[in-house]
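Below: the structure, in structure tokens.
Chain naming follows the written order as A, B, C and D, and within any one chain the residues start at number 1.
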Amino acid sequence: MTPTEAAPIGVWIIGARGDIAATLMVGARALTRALVSDTGLITARAPLARLPLAAPAALRFGGIDTGTRRLTEAALSLYRVSRTISRETLDAVSADLDAIDEDIALGSDMAWDPGEPDAALPPLDLLVERLRGHLRGFRQRHDLSRVVVVNLMSCLPGPAPSPLRDDLAGLERMIADDRKDLMSPAACYAWAAISEGCPYINFTPNAGCDWGGIGALAAARQVPFYGDDGKTGETLLKTALAHLFAYRNLQVLSWEGVNLLGNNDGRALADPRNRAAKLGNKERVLTDILGYAPHAGVTINYVPSLGDWKTAWDLIHFTGFLDVPMTMQFTWQGCDSILAAPLVLDLVRLADLAQRRGESGPMTHLAGFFKNPLGVREMDFHRQFEALLGYAEACLTDLGQADAR
Amino acid sequence: MTPTEAAPIGVWIIGARGDIAATLMVGARALTRALVSDTGLITARAPLARLPLAAPAALRFGGIDTGTRRLTEAALSLYRVSRTISRETLDAVSADLDAIDEDIALGSDMAWDPGEPDAALPPLDLLVERLRGHLRGFRQRHDLSRVVVVNLMSCLPGPAPSPLRDDLAGLERMIADDRKDLMSPAACYAWAAISEGCPYINFTPNAGCDWGGIGALAAARQVPFYGDDGKTGETLLKTALAHLFAYRNLQVLSWEGVNLLGNNDGRALADPRNRAAKLGNKERVLTDILGYAPHAGVTINYVPSLGDWKTAWDLIHFTGFLDVPMTMQFTWQGCDSILAAPLVLDLVRLADLAQRRGESGPMTHLAGFFKNPLGVREMDFHRQFEALLGYAEACLTDLGQADAR
Amino acid sequence: MTPTEAAPIGVWIIGARGDIAATLMVGARALTRALVSDTGLITARAPLARLPLAAPAALRFGGIDTGTRRLTEAALSLYRVSRTISRETLDAVSADLDAIDEDIALGSDMAWDPGEPDAALPPLDLLVERLRGHLRGFRQRHDLSRVVVVNLMSCLPGPAPSPLRDDLAGLERMIADDRKDLMSPAACYAWAAISEGCPYINFTPNAGCDWGGIGALAAARQVPFYGDDGKTGETLLKTALAHLFAYRNLQVLSWEGVNLLGNNDGRALADPRNRAAKLGNKERVLTDILGYAPHAGVTINYVPSLGDWKTAWDLIHFTGFLDVPMTMQFTWQGCDSILAAPLVLDLVRLADLAQRRGESGPMTHLAGFFKNPLGVREMDFHRQFEALLGYAEACLTDLGQADAR
Amino acid sequence: MTPTEAAPIGVWIIGARGDIAATLMVGARALTRALVSDTGLITARAPLARLPLAAPAALRFGGIDTGTRRLTEAALSLYRVSRTISRETLDAVSADLDAIDEDIALGSDMAWDPGEPDAALPPLDLLVERLRGHLRGFRQRHDLSRVVVVNLMSCLPGPAPSPLRDDLAGLERMIADDRKDLMSPAACYAWAAISEGCPYINFTPNAGCDWGGIGALAAARQVPFYGDDGKTGETLLKTALAHLFAYRNLQVLSWEGVNLLGNNDGRALADPRNRAAKLGNKERVLTDILGYAPHAGVTINYVPSLGDWKTAWDLIHFTGFLDVPMTMQFTWQGCDSILAAPLVLDLVRLADLAQRRGESGPMTHLAGFFKNPLGVREMDFHRQFEALLGYAEACLTDLGQADAR
């Protein structure tokens, strides 16, 4: 393991023209130019900052998207509507964004609905081969030592359950038989990335990463991967707050959460079929932390004027001593892509580190980044974070021993 | 150590006619009669519930107060104004409250202001001796094996600092020389309790428990003690939430907290001199958890109509990635005595256990109960609670070994 | 017109065993006994208090309900779950409630769904005749000079539109032909009440009162009536606040409202078919006041633990000068039946006055009581209230002239 | 009266380098260039938009300030910290701002504290004469037909009351005798403006405009004037909402308001002496609207990170039927200068119109713009606004008659 890492690292993003991707690219370039601070990056705080992680300047971005909006357009819209990027930053990184545009493929046939797949689409084996070709091309064009793949695409309906997803042979069979009714686009991306030896991060609620067959592939190819569904807002707060009630033995009667959002993600979630996966991830956490299931409603409403500003309001109704009912409420006014983008940067850097360290399979030390952390029962944010700190300390110890040798 | 504990245990309360005390007594009696659930009691949840703690039915209450309001009056007022006690519970425990009234002494000369002590008061040595006499009388009247003393009196101005408080000889000197300008009523209570071998809990911000001389006395007399200032509302939330910002490397610019309350405690805190100690305890926690000092305003306003219902509103202004400012706000609508009373019951049971186990000095495993936990740097509620769980597990292990022998 | 009115007045309530009805009856009896203040009664404030309205003591209650829960049971549940009625009040009025129980008929066949009416039900002409018989019996049993009928039943699905509802002949035809697919239970109640010469108030969103045929009947029978849908919470706030944005020329982009409630009304509204009428009434008001239609979402979620406590949270997203986006949010924590019951009492007293004054048809001066005021375009609460004040002043002037004569 | 008004009109601003002034100037220039909409301007909505008001393009800005920060610097800071002005707007109006800078005088000796006036300052008669000279010079340099003077300076301590302020002779005596202990800077500005025949608007809580002597001067000189203290945030909401409780006969027990702000105004108000005038204006409104005085706390806290974003949180505790306590709370997140600047523009245009129409003395139709409207008892925002509409309609009627002639 090399303590410093200067060779360029590829970051291949599925949904590369979306708000989170644009914010991530703008941010990485602005950090490289010292135009902004490293606030929001977990990997910038102790002790993670001492790990030999890829510098933002070392990252090369590329990816795929179902649309053709140019990155500067995406960034301009964030500047105008959500007011998150300053004009100065925008101007400074425009040329960089134009260059990245050259590395973004069009994937307009990669958003099928497994409930009614379009018969005119190419067969799955061709699609998967094309995705793998993208990754090889990206690697060669930029002479990249490694590429990390991150899924940021919007929420889509999931396929019907099938035992085929449980093992490697089943997945291969689904692809060979062109079963677009059973195989989601997200699962194809995971398959393609891991087949190419690229660490894979599923930051979305889209199904695939949690299938046994994907885990088996990662084990076979010795590739680290993780997901699902980045924890950026209301669920983050739930997993940070719920233990308060558990510790004090206060009985949560109802925890009602309302999420208002106005970006593309919000538009996609306005469709109840797309929303199903997301809601599942959000509801599970309370039961796991409290040890019982209070009434737990989750509402997601699309409010276009809010743009990227996600507003969540939660009401917590609970009883205390003498069974007296009391309430707490909170309002979280956060900018979705501003909260998500640095997590993606953290995940890329940590996945790349894991690969260099020879780790493979689910990176459970990253549980705290996700609403539905794969292979982990612990939903409490505090304990999840302590696991990450423990991992970092262990890496640093390994590194110290390597230095000493 | 006896696994079960049926012998009566005394609970001597300073401020025995206040809202918290009345709620505590009503609650303990209602629990004994199975009229209410044990919600809100930390000692009722796993694994603490497995400790050999005194049963609520085993507790005998007594104490001292500067006023003469009868306990049934206090309880009736809670039923009427704050609607926390039900009529049925009130009726069921009225006779019990009348009986406890007989064990509450009048301490009208125990609330001096060290800034301008009343020269007409008896000298300190007499006052302290009287307090010790109360404890001995209480113990004898009810044939109590042990008595735990809890300070619940309202916030009073603290005395000027003096090196005399730092050791045993200094404290003895202050008492002998009748230095009411240096010695607070709260310190006298601590001195009297510990001198009588009674575990002592300071649930208030009043100074005394944190003085070196009190610690020295506790060490000499082998008595456990702890404080200061029960953590029931806004500060509890701060210590439960602030780590979220620390973990995610979000920069807290300002954390502005507003507390509205309408009970006697609120009236006392409307006086800026009384408020000083409380505000100090509330401000410290953020800096300790975040590692830097954001702008942290704390406002306490007296709003009589709210009665015992404490409403806290906090605004947290922070920056994330690209230095984008975001906000979170919360409103906590809790009933002060309903939140505080079960903690007092927990503390009494745990202090009694500590004494039976032969522990002495500051009970730092109880840090999570207090705004200003003595002898502890850790302000994060999560870590404080894990320390308590660790203590409980260790006790259970000891007990298991004892059983096994 | 008699200045004082001591003769007993009947109040016939549809939904007489519900929370609002129980609160209304408890309140009227508690007022008569001077156990509570007249807070919440609009008719108790100037200048309405000077009108010759029926005293609460003069009201005799009866009605119909689809269930059989006794009134004391309903009141006990409000005392226990929602903590709105005190034990003392409950004890004082229990006998009164038992007496009223004798005047509540069972209407279990009066809650059909026009979408799928039960063929086993009696034909409409029989049902209507039975309802009229109830009213005649009530009047005779208590020797009542007048009876006001108030509809408080839960929200039900509405029938498909039909031109038959537009005139008297059409309504008669629907009843004669037993068209339960076109005629709602609520329309039957309105028909029966007005046919019997009783003023009719529709406090619910159920369809009927707004049909041309009902208006024609009221005109023919010279009976006053009004509705629809009592304005008690979030919509009240909308109609009180929206003008602020209109006056200051602030552009409302989105007004997103969330209503959490846990009573029977909430359970009924959890069914999307029942919810449709309610949502329609709630959405209309903003457009009428602002003069344009902002994004206006309304969510109604059933949260059982809240009982009768309706919690509404609204987020208002608007732009000001330089098109800068800003936000306002509010949380309304009101008790539904406590807010609704006094309005019903006001409406009964004012409808009775109107009948005594010889008025008939829609009582548009009562627009401010309703979400969807019949025959009125003005949605601003302030202007609606000024219309009521104007009406009261006119009545007082008439009365003064009558006195002077 | 000329229907259209193209000749240039002067706007002389006291506090011309502050945030509100900078926002006003940027906004007027951006409106002229059609870079922003007219949202937030009351004079842009019907029917006021039909009045023959000075176009934004016709306004020439100048003024005085105690500091020397250039306007482009002020605007840049608003762009950077509060994110209210876009980069494009800023760039487009920079040259305009530079030009206005030439017309801003330095008034560093115009901010004395009447409690301890600095003996080294020039005498009052010289100061007043200098102020008048500024106005004459501004008028001449730009060949202005009329100049409106607006006071926007920060809150300062007020002078001790004196009967001298009650009439013209007294004011003249104070100036002649150099009584800086009795005469505030704000009163000097009012005196100078009105003496020069300029309409005067006091948008601040600073004393002066409400003195009898100033009214007498305006009457003598036939000049219109008005104030005090622009109503932009929490008080606006109070005067828009309080009638809701009055109409419904809900008893307000407590209305507790908290204002957090981070601009210069906030820094000034952090000094309790400066705050006194402001708090007085804020407290009065509830009593006037409700007809009784609930507990009404107002807290103003300085939170620097909020910049120009004023966050107000109010808790309203009230009782309804059966004396049941309920609560409402709201959070207002508005940008102070964005809310204030368009009001100033409205006031300038309406004051100029009043002067052209030959009106003089207090412009009571503008009551709805102010926290403490001079000579008006009506505090309800709705009724105040209807008075403004009535005035506008009367002007339009006059104008129609003039057109017809």
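The working rule: contacts are C-beta pairs under 8 Å (C-beta built on N, C-alpha and C of every residue); 3 or more make two chains touch, one makes a residue touch a chain.
Chain-to-protein mapping (UniProt): A, B, C, D = Myo-inositol-1-phosphate synthase GAPDH-like domain-containing protein.
What you see is a predicted model, and the numbers here were worked out from it, not measured in a lab.
Taking A-C and A-B together, the chain pair joined by more C-beta contacts is A-B.
Between chain A and chain C, the centres computed from C-alpha atoms are 50 Å apart. Separating the centre of chain A from that of chain B, both taken as means of CA atoms, is a distance of 44 Å. Each of the following residues of chain C touches two or more other chains: 86, 327, 329, 331, 333.
In terms of inter-chain touching, the protein chains here all touch one another pairwise. Residue ranges of chain C in contact with chain D, taken from their complex: 23, 26-27, 30, 36-42, 44-45, 84-86, 89, 236-237, 240-241, 243-244, 246-251, 319-324, 326-335, 338-339, 341-342, 368, 381-382, 385. Residues 253-254, 256, 258, 260, 295, 297, 299, 301, 303-306, 311, 313, 315, 317, 325, 327, 329, 331, 333 of chain D are the ones that touch chain B when the two sit in their complex. Against chain A, in their complex, chain D makes its touches with residues 80, 83, 86-88, 331.
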